[in-house]
Amino acid sequence: MAYVAVKGGERAIDNAHAWLAEERRGDPALPDLTLPQLREQLGRAVDRAMAEGSLYDPDLGALAVKQAQGDLIEAAFLLRAYRTTLPRFAHSRPIDTAAMQVERRISAVFKDLPGGQVLGPTYDYTHRLLDFALAAGGPVPPAPRTDTPVEAMPRVSDILRAEGMMETDAPSEAEPGDLTREPLSFPAERDVRLQALARGDEGFLLGLGYSTQRGYGGSHPFAGEIRMGEVTVEIEPPELGFAIEIGDLVVTECQMVNQFKGSKTVPPQFTRGYGLVFGFSERKAMAMALVDRAMRAEELGEDVTAPAQNVEFVLYHSDNIEATGFVEHLKLPHYVDFQSELQNLRRLRAEVERARDRPAPALVDGDTDTPTTASQAGSLP
Amino acid sequence: MSGDLSPGFADPVTEAQACFRAVLDAMARPGRLHTLGGVTPPPPLGVASAAVLLTLVDHETPLWLDDGLRAAQPWLAFHCGAAVVADPRAAAYAVATDLGELGRFHPGTHEMPETAATLILQVAGFGSGRRLRLSGPGLRAPASFAVAGLPDDFIAQWHANRTQFPCGVDLILCAGDQLAALPRSVTIEEG
Amino acid sequence: MMGYNFAYLDEQTKRMIRRALLKAVAIPGHQVPFGSREMPLPYGWGTGGIQVTASVLGQQDVLKVIDQGADDTTNAVSIRRFFARTAGVRTTTHTAAATVIQTRHRIPETKLRDDQIIVYQVPQPEPLFRLEPSRVETRRMHGLADYGLMHVKLYEDIARYGQISISYDYPVMVNGRYLMSPSPIPSFDNPKMDRMPALQLFGAGREKRIYAIPPWTEVRSLDFEDHPFRPINAPHPCGLCGATDSYLDEVVTDDHGGRLFVCSDTDHCAERRAAGHVGTDGVKEAAE
C-alpha cells in the first residue's frame, strides 16, 4: 500500500464550517430563532454571555448565543473577540448602585429595612417541577403590579457603615487597572481582582466560593444584600465639564458581610466581600463576593492557606476563555512532541532491557551514575 | 491646531510597519544602518528620530525631550499624542541631542528589565568619527562601527550600562534619515 | 478585510506589541509581559504567534505558516487564511521563499537566513512552570538567574534514568543569562536555535509574554559534561525521500505493527523528492 500524506486541510475546514452551519440551523422545517426571541426568552443565557464576554449589549449577546448554539463559553468568546476591536471613546463614571431602579433586593441580615425586601423575578421559591404547561406554550397572565411609589433603598453596607460596624473603603482617585490592556502583575490590587472576577467563569467562582464555606479559607459570610436592577451609565466629557447619561445597564450586586476579629490598630468590625455582574446573575455575584473576601486574607492579616485565598491561583485560572482555549488546544496535533516522547520512551526502555540482560546488576541509580560537572555547554549559573 | 505643523506619515499603517521593521532589524543587529523617510519633522528633530517616535510612541509611553528638542514638542504632541514628562527617569522613551548621563534614565529592574528606557540619541553621522568595536547578541563576529558626535566618555558610560545587564538603557542612534541601534546587550570597546 | 485594520490588530495594539518586541530583542531570552489581546482564535491555538506576526508583517512580506512542520495541517491552514484575509499578504509553503515563518512545534529543516524572521507559537513560556507553578516565584528566580530548581530536576533525571528524560520543550540558556523555553519543539530542533542567522520571536498569547533571540546568539541546551545533550529522533531514514537528517513523523500503517517514518517538514520532503531523492516507500509507490 502506498502512503499518501494527509492533504486538503483547507477543504476539510470549509466543509466542517458548512456542516456546522447546517447543524446549527437544525430542522429547516422549524422557524429560525430570532435574536429578540433569544434576548427576551433566554435572558439569563444572554446575561451570562455578556458578563463573561465583558460586553454589555443584549442584542449582540443574543447573536452570540445563537451563533454558539447556546454554548455560553463560546458565546462569551465571540463577544470578547468582537469587544477587543472596538475603539474606546470615553471612560464612564462609577455607576451608583444605591440609585438603582431595583427589581429585586433582599437582605439576609435584617428582617426589614428602608425600601423593604423585594423578592422580584426569582426562581428561589419555585418548586423545581418541570412545567408541562410551559411545554405546551400559551399566553402568560400579567404579574400583579403595585402603584405604591418605590421608597429609597439605601445599601445595607451603608447602613452598617453609618454605625461604624462596617469597614470603610478609602475613596481613590487612582485610575483603575484594566486587564484587557495590561497583563496581570502581582501583587494584584483589588480593582484588578474584581475585574478578573467579574469576567471570570461562573462555575469556577461557584466552586471556589463553595470551598470557602466548607472550611477552605472561610470568612463567616452573611448575604448583607443582593440587589438587581437598572443603573445609569454616565460619562463626563472634558469639554463639557459635567456628566451626561449614555445608557442603562442591568446589574446584580452582592455585598457579603463577613466577620473580622480586628487587629492591633482596627477594632473588630465587619468586612466586605463584593460582587458585581452584568445582567441577572445572582449566583455569580454571590460567588464573586465570597472569593473577593477570601482573596483579602493577606490584607486583613489572615492566614493564606486555601485555594480561594491564593490570589495568583484564582486570577490565573478564573478566565474561561483562557482556560477553554488551553484545555481544548490539546486536541491540536502534537505528533511531533508525541513522537519525541515515543522515541525517548523506547530509548529508556531499551536501556532498562540492556541493564536486565547484563550479568551484574548495573541499573543506574544516584550513587553509581551521577553528573559531576556542569559542562561549559549547558552550565547553569 | 495642526495648521502650521508639518505632516506625519502619509500612510501611517504601512510606513509605521516599515519603520518598525527597520528598528527591529537594527536592534537585532547592533550597528547595522537603516534609512528611513516619509516625515518632515521640525528641526532639530531628525527624520529618522521622528519616524521612530511616530512608530513607537503614543499616550501610553511617557516621553522625555532634552532642551535641544523642546521645539519639537507640539509636533510630537499632535502626531503621537505623546505625554511629555520633565523627569528623565519617568520616561519610557527619551530623545536627546546630547548623551548627557545615561544613568539618568530608568534602567529597569532585575525582575522587570523591560521597563528600562529607550534613548533615541541624535548624532552627527555614521561611517566617520569615533570607531567602536561591537560584540554580543546579533553579531556573527565582532564588528566595527563608526559614529560621529558621541561624547568622549561614551565607552565608559556604556560599560556601566552594560554591566548592569539585564538592566540597562537601549540606545537608538539617529543621524538625519539614518539609524542604528545599540541594545543593552552589546559590548562596546574602542575599535 | 472590511471593517478591520491591516493584519487585524489596531495600530495602538501593534505599537504596544512592537515596543515589547524591541525590549525582548534587547534582553535575549527574557519574557516581556505584554497586553495580549483577545483574538478571534482560541487561546492555546497560536494567539501569541499571531499577534507577533501581525505586528511585524508588511505588504512586502511572504508568509509561511507551519504546524508540526507541515503547511497543510488544519491549524496552519486556518492561521495562514487569517493573514491572507486580514492582511492580503502573499503566502508560501517554501521555506526559502518566506520572509516571515510562523511555526508551532518545529523549526524548518532548511537553514534559515539572515533576512528571515521565525515566529514561534508558545503555549507555556515559563521554562520552570513544572517545577514552580507560581509566576511570582519564577519571575524572582529569573531576576536572580537562580536556576537551581532546573539543575536539580536534570540531576534527578540522570540519577533515575541515566539520562535527561526531556524530549521536547527542552530548556535552553540564552546568551548565558536567561533560562528559556524553546516552545514545544522536539529537542532535535534545539541545535538549530544556536547562532541562527534569522531573528527568532516568541509569542505566548494566553500567558501574555513575548520573548526573542537575536541572530547569532548563543542558545545552549542544558546538559552536564558527562551527560551531554543528545537530540532525539527516530533511527530511520524518511520513507518517502530517504532523508537521514530530518525529523520524522511516525505513521501507523496497519494494526499489526506497521510503521512508516516520514519527514515532519513537508516542504523539505517535497523539495527532496522533486530533486530526485527517493525513500524505500517512495520506490514502492512509484512501482505500483
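A, B and C label the chains in the order they appear, each numbered from 1.
Throughout what follows, a residue touches a chain if its C-beta (ideal position, glycine included) is under 8 Å from a C-beta of that chain, and two chains touch if they have at least 3 such contacts.
In this text, all values refer to a predicted model and were calculated from it rather than measured experimentally.
Novice: Out of every possible chain pairing, name the one holding the most C-beta contact pairs.
Specialist: A-C
Novice: Could you work out which chain's C-alpha centre is the most distant one from the centre of subunit A?
Specialist: B
Novice: Averaged over CA atoms, how far is the centre of subunit A from the centre of subunit B? Could you give it in whole Å?
Specialist: 42
Novice: Report the inter-centroid distance (CA atoms only) between subunit A and subunit C in whole Å.
Specialist: 32
Novice: In subunit C, what residues contact two or more other chains?
Specialist: Within subunit C, residues 33, 177 contact more than one other chain.
Novice: Okay, in this complex, where on subunit A does subunit C touch?
Specialist: 1-3, 5-10, 12-13, 77, 80-81, 83-85, 87, 180-186, 312, 316, 321-322, 324-329, 332-337, 339-344, 347-348, 351, 364-366, 369-381
Novice: Would you mind writing out the residues of subunit C in touch with subunit A in their complex?
Specialist: Result: residues 4, 8, 10, 33-40, 42-45, 47, 67-69, 72-78, 81, 104-106, 123, 134-136, 145, 147-148, 150-151, 154-155, 158-163, 165, 167-169, 173, 176-177, 179, 184-188, 206, 208-209, 220-229, 232-234, 239-240, 247-251, 253, 260, 262, 264, 266, 281, 284-285, 288 of subunit C touch subunit A.
Novice: Using the touch rule from the top, collect the residues of subunit C that touch subunit B in their complex.
Specialist: 5-6, 11-12, 14-16, 18-28, 30, 32-33, 55-59, 139-140, 142-144, 175, 177-178, 195, 197, 199, 212-217
Novice: In the complex of these two chains, what residues of subunit B are touching subunit C?
Specialist: The contact residues of subunit B facing subunit C are 12-14, 16-18, 20-21, 23-25, 27-29, 55-58, 60-61, 92, 109-111, 113-114, 116, 118, 136-140, 165-166, 170, 183-185.
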